[in-house]
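In the two assemblies presented below, chain A is common to both, partnered first by chain B and then by chain C.
Right after this comes the complex of A and B.
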């Protein structure tokens, strides 16, 4: 058996190899890899700089500007690589690299949650009987017509602050935005379940759960991965946006969105402080979006599944 | 057609009722007492009970929900501590924090969103469709690749970053435009326009990329069809074929998309309004969320879903009107 499958594997290079073969895919992979590495190595990087994200440096602030950095260019120096935060004097570089952790954690967690709920609902609708499908599809349609942003804002406002915000963000984003995945899964399941191998498994006496896992799920990988890859930057923007509105991650936990939110009151005195989180978030979002697009092209070169 | 409309109307009402019930249930099941929030920290037990009674919180949840739904149609009187305030027919509750009916807060905010969407939609449609046609004239040529790349890149920039960068460039570095504050068009049309420019561009630049992509794809798809071949055989210029005839193929999708986006911005451009400090529905939502002003949160969320549902229905209808192949049965 292993001899028979080996040439097939060679003829169909892995997704990573196909991504690496395209210049755009290679750049996207490298940048995304770097971002993940920075997030993992946050303690090492801040130790190299000799700072931490939560120490106040009041001595470096100018009370005449209401607490802006004393030094020009946002207080950039060899001690503070990207300057210091106005009013508190916390190190911007340290907050930035620790913020990467929150950003990736929430984006990853929310995407995983959306994927799980979407798969469960989609598979149940696609493989269940007529009533289950009707019920679940109606429910999916209903969730699709929810005003997501408004509901997330409302939920973030009423859940007490004692509930950990990053986890809450994951739950809210997953709970409100799984419906598109469920639709795709249901549609693909409808196609796959008519295939001979599913009929064969059914004749063999396989349970619905087993068919879902062993027969349908492998066929869902390509369309679902394609869609999910583009959900990561969407969730990243959602986290940053909600934190920007002051409702997401709360200080002292560092987050890019929350840095941007402080920056809006400061950008006339200290424009450098705006640019750092803004450009970082921008690079991350563009890299993850590019990676998603490249995955789509690599999985589906003809652009059939848009 | 009538049957379709009726069905859509019924399902829209059902969705609105469910959204209302969900929002209402969430607020009253969640920890955190609306009465003590409205009353403030230095509130003794007797005062708290009084507030609870005036807000109607001492009644069972289903009774409160019924009052909420019925007051949309018949109005409701609220006791604000000084006297009874009558909240007339489309009544969506009463904000005890600002001492105003929610409906009044919403109608004050809505003109801001109408202003935002009117200019932004014109901009994003002309930018997106124009550049899409420009790209489609020479598919896969250099200008196609550059235009598409720039359009899609702008489309993936989060709107709050784009707005920040626009503010930084035009108001801080070059100081060409004043820092935007909302001026009603009825007060001063010139100032209204000047202050609307940055928010319009922030919204339009993020949306235009999608329209570019749709226009380009729609045009390229219809270029392969027989009637285009015939037009070319007549000797029409490529420019005329693309901009007058092939663009028709992209029209249904564009109109659908535009209806959805216009509905979305009208429901509240949350980030744009927060960034520029415009007192629209989005800002009202964020502010009432920060103050946990539950009646206002409920009201804005409901109005937003109403506007989004109307936009969805309009999109479906537009598609059917513009694409004769998809007539509704």
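Right after this comes the complex of A and C.
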């Protein structure tokens, strides 16, 4: 029904093909795919290396000079592909690949949560009456004006330590960062609901819920997918930031932010240890951001002119 | 009863790492110029002059009221302002743990069973305003510490003095504490309700500093206390800066423990560990005359010093007697079974724990409850030899004997503060070591702000926790009594007998040792008691920390006093 009015839908079946057709999109897809594969295959990869993320290697550390690795370059060897962690001797490669699971899990879960809340609030505001819109929009503005970091820190400190941390991180990130999605959804809904096909559906007596689902939602795919793809790296950085501050997952569970946090005291003596998680995070965030950007170009050809 | 505050690896996350970068650049620029200023050797006769800078993390937000301060041996900065009946000996090495007379002519004359202690004051003692110091002022100083508005000092006076349990301080309707007598202006007598051979050590704390009644301003006294020491406060901005100048009425002829070399002491408060370490390491400009009274070097500076002899020469190390240990509640299964406790003793990997603390320069493995730095009360023993990295086979065998052939799952409580001695790094290290012996350790992080309240409350005490204990003075008594005396099991909060160990025979032994007034003999007896209790595996001693500190390149006569493990700044010179 909406084929004639929404050019986006034509692109929909060929989104992957369109992405693949662009060199930037192809690289982003491959890197993101690799990262997800690494996270899934973490046990296999560490078994291949012959290490696990929690075994200490006291013998490889120089206790007299502060507990750094004995060997140069952070203790990189054939047994420890990316070296060992100072003061514990745990394998950096193993911690890195297991850390990817936490990063992806939290970033994915938080993004999904943000998407759901954002869609619900945005649609309700966009399709509801004047009062509902005013109320929900002011509420969105309110959430948007929260100091995210301070609020996350406060919430993470209040909730009992026994509550599973990855789930808590997802809930907090989703609960605090959904407002931008809601605003985009509301604005797009405002445009779409004035279209003829929506008026036609209304004349046929379709309920608001049906209009939202069948008429508006398909038109929202392009802007929402683009924005969501860009939220993934943002959430990833937020998780790393909170873990860096010691509010993320509890030890001995590995996470990138935690690795960066311990590395700060070591960057002058053992720069390898800070470079590995930092570069990994950089590559991941770049890949997800590039993917988001490529998706935007693929679904919104008009944007190319910009 | 002092738990050592976490002093190491203080990092305020992002902010600090930015400062670290800035500091690192500064260090790189100034590295060459710092080592050139070593001039003449130190001479106590000609050391006077100059301004000493002190860079500290403490904020001193609660001020400097001698009744409120909780120090060990009079502290560092308080000792420049307050003279006490006795004090610690200002020398480097093991003798720094000895108690010596300060305002008094000797360390105290005890009665036969050490329940009555008599002190005579030296002559010619004066405050910074020129008034004479009398024994009544010392009595008044002690009495003030009982007032509820001036709470904060150590708990011993209330416990030891006759009538101390009910006395409410000098401000109420019943201002006089009869168990302290002042028969004349230079004599003071303390009547205790039980034998306490360690009384001279307590008399070194700031509660025994004289306070002139006419100048007492109650709660406001902490901003401008009347000085009896070599310096007096010129300006004091809490949280920022404390500037000390000479007390012209102080005379070296009555004070053999303070050299008081610098003319001025400028104390910067509330700095971060990284800033202090970087400024001391680079030692540029006025920072060459700087020192710290509360900040250890960070791991990075320590590792850098391995390749930089000029930096290494400015590092000094010392000890505050402390023990970090694994605490069992021996009233709770499975820790009521001694075989299980022994299995834990065999299974621990002390090397991993030392590395988690920053390596062997910062911590030393310990198999005894009292650390060697306590002096004669240390008796070496290792009843359950775990070796450097743990004996998992022996631990498994003991567990099988105890009926846990298929292993054991228990929960370990730790402080979730990453900077704590009893924090996550140690918990992870224990977890991986015990796993080898078939013990699955579930980790229970307790929020830092609740930690003391949860662990020291008998109702909420975890069955297994990491804990740390430091002595108020270098003697076996404050080290063993609160931990193993069954009468010290406090219901509700503030209990440190985490084992909940209660043996009347041991209590009788403790009373007997407290009657010994010969210090060396008493320490031997404390050491024997520790060696006897060690056989029961009531705790698993893990390690004792070492303090490694840095000073500016122009500061002389720097040593770490072995009573507290920090610089003795009453002896340093910048001339």
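Annotations for the structure displayed:
Here is the rule we use: the second predicted complex is superposed on the first by the 290 of 306 C-alpha atoms of A that agree within 3 Å, B and C clash if a C-alpha of one lies under 4 Å from a C-alpha of the other, contacts with A are read in each partner's own complex, and residues count from 1 in each chain.
Throughout what follows, a contact is a pair of C-beta atoms (placed from the backbone, for glycine too) under 8 Å apart; a residue touches a chain by one contact, two chains touch by 3 or more.
Just so it is clear, the structure is predicted and the values come from calculations on it, not from any experiment.
Of the two partner chains, both chain B and chain C are touched by A:264.
In the superposition on chain A, no contact is made by A:30 with either chain B or chain C.
Applying the stated contact rule after C-alpha superposition, one finds that A:54 touches chain C and leaves chain B untouched. In the superposed model, A:199 lies in contact with neither chain B nor chain C.
In the superposed pair of complexes, A:167 makes contact with neither chain B nor chain C. When both complexes are overlaid on chain A, the residue A:251 reaches chain C alone and has no touch with chain B.
Looking at the shared chain after the overlay, A:132 reaches neither chain B nor chain C.
Applying the stated contact rule after C-alpha superposition, one finds that A:116 touches neither chain B nor chain C.
In the superposition on chain A, contact of A:87 is made with chain C only, not with chain B. In the three-chain superposition model, chain A touches both chain B and chain C at residues 157, 244-246, 264, 267-268.
Partner chain C is touched in their complex by these residues of chain A: 54-56, 58, 61-68, 87-89, 157, 161-162, 244-246, 250-252, 261, 264-269.
For chain B in complex with chain A, the residues that touch the partner chain are 15, 18-19, 23, 26-27, 30-32, 153, 156-158, 160-161, 164-165, 167-168, 172-173, 267-268, 270-271, 274-275, 285-286, 288-290, 292, 294, 297, 300-301, 304-305, 308-309, 312. Residues 9, 11, 13-14, 16-17, 20, 24, 298-300, 302-304, 306, 349, 351-352, 354-356, 358-362, 388-389, 416, 418, 424-425, 427-429, 431-433, 443-447 of chain C touch chain A in their complex. Taken together, the chain A residues at the contact with chain B in this complex read 142, 145-147, 149-151, 153-160, 233, 237, 240-241, 244-247, 260, 263-264, 267-268, 271, 274-275, 278, 281-282, 285-286, 289.
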